[in-house]
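Beneath this line is the structure, given in structure tokens, with notes to follow.
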Amino acid sequence: MLSNYKIDPIILNALDEDVSYVDITSDILISEDSKDTAEMMSKADGVVAGLSVAKRVFEIVDPTIEVEILKNDGDHVAYGDVLLRVKGSSRSLLKAERVALNLLQRMSGIATQAYLYANEVKDYKLRVVDTRKTTPGLRILEKYAVLKGGCFNHRFNLSDAVMIKDNHIKAVGSITDAVNKAKAMIPHTTKIEVEVESLLQLEEALKAKADIIMLDNMDNETMAKAVEMNKGQAILEASGNITLERLKAIGAIGIDVVSVGALTHSVKAFDISMNIK
Amino acid sequence: MLSNYKIDPIILNALDEDVSYVDITSDILISEDSKDTAEMMSKADGVVAGLSVAKRVFEIVDPTIEVEILKNDGDHVAYGDVLLRVKGSSRSLLKAERVALNLLQRMSGIATQAYLYANEVKDYKLRVVDTRKTTPGLRILEKYAVLKGGCFNHRFNLSDAVMIKDNHIKAVGSITDAVNKAKAMIPHTTKIEVEVESLLQLEEALKAKADIIMLDNMDNETMAKAVEMNKGQAILEASGNITLERLKAIGAIGIDVVSVGALTHSVKAFDISMNIK
Amino acid sequence: MLSNYKIDPIILNALDEDVSYVDITSDILISEDSKDTAEMMSKADGVVAGLSVAKRVFEIVDPTIEVEILKNDGDHVAYGDVLLRVKGSSRSLLKAERVALNLLQRMSGIATQAYLYANEVKDYKLRVVDTRKTTPGLRILEKYAVLKGGCFNHRFNLSDAVMIKDNHIKAVGSITDAVNKAKAMIPHTTKIEVEVESLLQLEEALKAKADIIMLDNMDNETMAKAVEMNKGQAILEASGNITLERLKAIGAIGIDVVSVGALTHSVKAFDISMNIK
Amino acid sequence: MLSNYKIDPIILNALDEDVSYVDITSDILISEDSKDTAEMMSKADGVVAGLSVAKRVFEIVDPTIEVEILKNDGDHVAYGDVLLRVKGSSRSLLKAERVALNLLQRMSGIATQAYLYANEVKDYKLRVVDTRKTTPGLRILEKYAVLKGGCFNHRFNLSDAVMIKDNHIKAVGSITDAVNKAKAMIPHTTKIEVEVESLLQLEEALKAKADIIMLDNMDNETMAKAVEMNKGQAILEASGNITLERLKAIGAIGIDVVSVGALTHSVKAFDISMNIK
Amino acid sequence: MLSNYKIDPIILNALDEDVSYVDITSDILISEDSKDTAEMMSKADGVVAGLSVAKRVFEIVDPTIEVEILKNDGDHVAYGDVLLRVKGSSRSLLKAERVALNLLQRMSGIATQAYLYANEVKDYKLRVVDTRKTTPGLRILEKYAVLKGGCFNHRFNLSDAVMIKDNHIKAVGSITDAVNKAKAMIPHTTKIEVEVESLLQLEEALKAKADIIMLDNMDNETMAKAVEMNKGQAILEASGNITLERLKAIGAIGIDVVSVGALTHSVKAFDISMNIK
Amino acid sequence: MLSNYKIDPIILNALDEDVSYVDITSDILISEDSKDTAEMMSKADGVVAGLSVAKRVFEIVDPTIEVEILKNDGDHVAYGDVLLRVKGSSRSLLKAERVALNLLQRMSGIATQAYLYANEVKDYKLRVVDTRKTTPGLRILEKYAVLKGGCFNHRFNLSDAVMIKDNHIKAVGSITDAVNKAKAMIPHTTKIEVEVESLLQLEEALKAKADIIMLDNMDNETMAKAVEMNKGQAILEASGNITLERLKAIGAIGIDVVSVGALTHSVKAFDISMNIK
């Protein structure tokens, strides 16, 4: 799904950052024609994502490296599973290793975390979605990893869906006016989401025919009333202080979507190591 | 410390990613000449880092925004502290908000985590340092945040210090030969670090006059012997499975440096919000 | 609406293309401290768009140039109207002139053409929208000009709305399956459009609850039946061989949207000249 | 003639603009290993240009796509002619389609229009040439298309030929002084063109030994006198309000060159479609 | 003459290369609010060039630095002359110093060398011109410095003048055919230069009406015959093994132009130092 | 040692600069399918460097060109030696020629000059090292060439070693304080160099345990005393007015390192030509 012309600039940037001049260790100590095979091995249980990105790192560093991908993005992997095998110039393997791992570990960390959330709501229609709280420069990789972990994406950026918040409502005067003004201008292909803080606002947003309504920081009881009022008209999204623990309850209430910034802004790298055979 | 010519490309990249075309909500709903004041407020206790980076985001989005920085990078902040105040075009404030927060929250998350580590070893000469396990594209920001949290930096990249590992030793034949071969070629301004897995290897590395010796995955007892053998000759760095809990013990042993990948690869975003007044 | 960080790369690229080394005429013949005032004057009747882009060209070439914008994007202008006034270094004015005009004339040409289409359907709910048939590299400018001429935008690119065409239907098996498969994966903020070639397909797309249905190359009679079948459920978009002449009839039928590639792919530059006073 | 290192940045820019994240339709609905053959077919009569550029779009999107070019740039093609055949990943074909077509249709539109002009003057020595009124960012492609349509290029940019206009003459004092001052400084490889508005100015420009003299907005009678005065000394270029209709008369008068901005600034895209077989 | 949009990328590239992370000395040892005045002083006699480029380095590093230029590009300067004075943040001055000096010293080195050549031929019409043998990435700066030293520029690159050499003649069949084929295709604004190795070839090139004829590696006697044969028809350029010592003789012969690669490919940096007051 | 991802941007930049549009000579006069073999031949005696860079130029211009490298970087070559052989499209060979030669000649010029210095001190432990006085944008190539000529590298840039100079000492108060302050902050992998102007300062720097001490502009007698005082504690580097002639004497004194800006800032291009067979 991720085109090279989208990910190559990210990889080149990371490689450039990791070498100012030469790899002062390997370029001196390892001969130019030395060859090796190395494997990237999972050192934990989780969901892997970013294997084609890691592959691309090796290809960019050295097109003569052979890369074999042994798992699919989205696969559940266990400690000891080999994820990827590379053969080629020893120097090139060592130059690519850290950048490939940094990307793969971060993406797999996100996928693994997303899986925890997705698994929690698997018995409900409830979707867990990401936010714009992604690492600057890595949004396409992180949103992709969220998908591979079983969660879903929210809008990609400020251009592709309307999100009417408090300040917009104040600027225009009312939810109704804001929705109408937006509808009059935006592409017919674009949805409108309105953030509401009360059931009164919800009522207005429903009348204004918002496509999606975000229930901001509501408790479960209020959300239950919101679901009842909604009668399936708009997509209901819960947001704010959504912890893993609350998810099942929210699912049971009948909410459609919860958005969770922590899917991407607070991630533990998934433990993977590269071993030269 | 961070020059604009180093951080501007990171910011421009992040802004570009966050808008494909226009901000389809604010550009439609908020008038071009509307002005606001907004504040970035800490919603947790911790150490802030990246305020000048956040400031720069606003400046790039709109040079007419006035930005006032109210804390210094490295300051301890508490819930409710105002970190930064911005005045100017409402549209511009909303366009800059997410990118500025994403950078500031990540950097402050790292600084806050680093502070935990640094505080743990404050009674020892022991330094906690970062690694190359940084987010691709953000290394200069993350290493800076590590410093502001009270920890220290390891080498910046593959070009600025020699790190002789297992594969290099195998390629050359011995630690001694590897160190000598490196010394014969590298700049006189460059240090040599050798990773050792046993006290036997430590002995060889000491004889070879390595500047720094990394004790890989050693238990405390072995490290204590290493300190004794070293007699202050080389800088001793412990690495591998270093948890916050082990730090004091390692400090007491007399190790000089521990390197901790988690300082940058597994970070919880520090909670900060922007409120329009 | 157009942020500088989105348009600056376009302008820098154009300026770079227009000078390999120096302006071999003005840099030699005009003294460095010569100053002039110049005006961009409309030489035709139409709708202007791109004034802030033209202004930005002068600012980039020389930040000391004073630029005064005398009309708003979207204004109807007549032969002889002064659109923009610039004062400053004569050399800089001449270096910026051609790039500023090339952008302004193209954008105003699009706005003027869009106005013709928009005006034709002003008595109907019918929207005329653009397509992805924009000039490579200038999409944000061209879609903006379409808006300023009174027409509307379609999706910005391949990422921000689903458009199910013939090949996708074949790949999945049926319109129903394609819509369902898409719904199961895409963000809840994303709409689904289906292109249909017959009323039978329309029926299936309606049942599948597509948000938008594109009626591909249908005659007016068939479109009228489509409107009847639709009963306001989906947004109906007509596409293919839509000429200015057919618009009123299509509007009368009750179609919601027509998409017209010619809005951006076949444009006559709007005649504007810069005169040094 | 067009080197990849010149056109790749244009193509990458266009591709990047057309995808923010993924192709949300094809990446979801079409399987990764689906393969297709597609053909680009002319849907009008005209002159094709840009086939190698279109080919390069497919190569960049996916180096495993096989591209067969079936016509040469500059060929006259008719409705139904197949121009280019591509085989490979269905997803990749669909991702490349629009950008490839946008470039090919624009370039072929220019070539087709240029052919009309070139054909009109085929019995005269008169050359029809383009101007700097090209689409920002696409100058090399547009000037190449002009050539393929049978017209010729004017100077490429501000650096490669001197063009002395009204303001330059005023700045220096006289045509004679301007030409002499330029000659004293410019490379010996660079020609000097002077724009004149009267036969008096023409006389002065001839005495000053300008290489090329542009007759600005002159009627045919005046141009005839200019040809007579010139006696083959300078290249005479007519410019301003040159329509297709006037070309033969201007050719008969004996003018050497006419420059026509409309060759590139007002172009109708040439109709080409891509059909998956 | 050199626009910022042409030189900024060169400067940013150089600055980026000179700092991977921070200035590890000054950022640590010098306080952020320390201010200084510094002067760039000539430590030799020669011709200065690049002062506005050096100024721009300081502006990019820190827009708050005040830069005063005390000499003009092209001025003769002596040991001890102050060329440029900068006031502002001490850290910023030190960060900009090396890049500013590297550019200024190289450009002044070229200007100084060019002056030697120019001075040698000052009594003749003979021009000494540069070649395409410039430092990759710095051509616009180096050709500018050549001008400031009193020499002249040859064509800027492969696009702006025809240079027919041995291989082209072989490919087409004869000088006559090559010139004619070129004339039939190139812009009317472009000159044709032919490289000849004998007087026989010269004769053919003259008949073919080449604008410029390069006499390749001819001795003075042959060149004298060439001048005689030419009778002022073409511009005669001597090239190959042209040393400073031969220039006066070549000037006396009546040659128009000599091209000297050494003007840019073999340059001694002009000695300039920056002193903090 | 030089990764493509580091050198490709340099090469692309140089190629772009050498062609604005097309190669107006070869693209017109030489047929697209003409093929040739060409050789790069040394026209002087010296040390070659940059062969893989030159190879990469051809690969980027045209991946179908076959390039055979016949010497190794660092090899001593004599007049007439063939360094590199290329086969492929005649047009591509001519388009790549100048950029490939400009890079190869500059790098070989540096290697050849470095060899002179290295050879002079071959009987001593004395190392001759480069400085940051490199050509902006080419530092990695020039430092590599220095190595291939037998000299050594100094720090790569401002980030990878501390260099305490006069201004830093003034800012902090004393050498001792400056060294201690730096040590407290810099990575444990970074060395500290102190520039001293007297033996008194040397004494202080030694006590402060600087890793490297630069003896600024000292005469041989003073340097001899410095060596004596040093007793092998710090690395001693001599700098300032170091000529080739002084090297042996300095070597005999026992200095460890001399840094010579002229290794890179004042270089004579090594004479190499490309001949089409």
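Letters A, B, C, D, E and F name the chains as they come in the text, with residue numbers starting at 1 for each one.
Convention: contacts are C-beta pairs under 8 Å (C-beta built on N, C-alpha and C of every residue); 3 or more make two chains touch, one makes a residue touch a chain.
What you see is a predicted model; the values in this text were computed from it and never measured.
To overlay chain D on chain F by their CA atoms, one rotates by 120 degrees, a value rounded to a multiple of 5.
C-beta contact counts were set side by side for B-F and C-D; C-D has more.
A separation of 44 Å divides the Cα centre of chain B from that of chain E. A separation of 22 Å divides the Cα centre of chain E from that of chain F. Chain C and chain F have Cα centroids lying 51 Å from one another. Residue positions 19-23, 95, 139-140, 156-157, 159-161, 185-186, 190 of chain B each touch two or more of the other chains. Put simply, chain A touches chain D in their complex at residues 1-3, 5-6, 139-140, 143-144, 156-157, 159-160. Interface residues of chain D, counted against chain A in their complex, comprise 12, 15-16, 19-23, 27, 60-61, 95.
On the chain E side of its complex with chain F, the touching residues are 10-11, 13-14, 17-26, 28-31, 34, 36, 90, 94-95, 98-99, 101-103, 105-106, 109, 132-140, 156-168, 171-172, 178, 181-182, 185-186, 190, 261-262, 265-269, 276.
In the complex of the two chains, the chain F residues touching chain B come out as 127, 129, 147, 152-156, 159-161, 185-191, 193, 211-212, 235, 237, 256-257.
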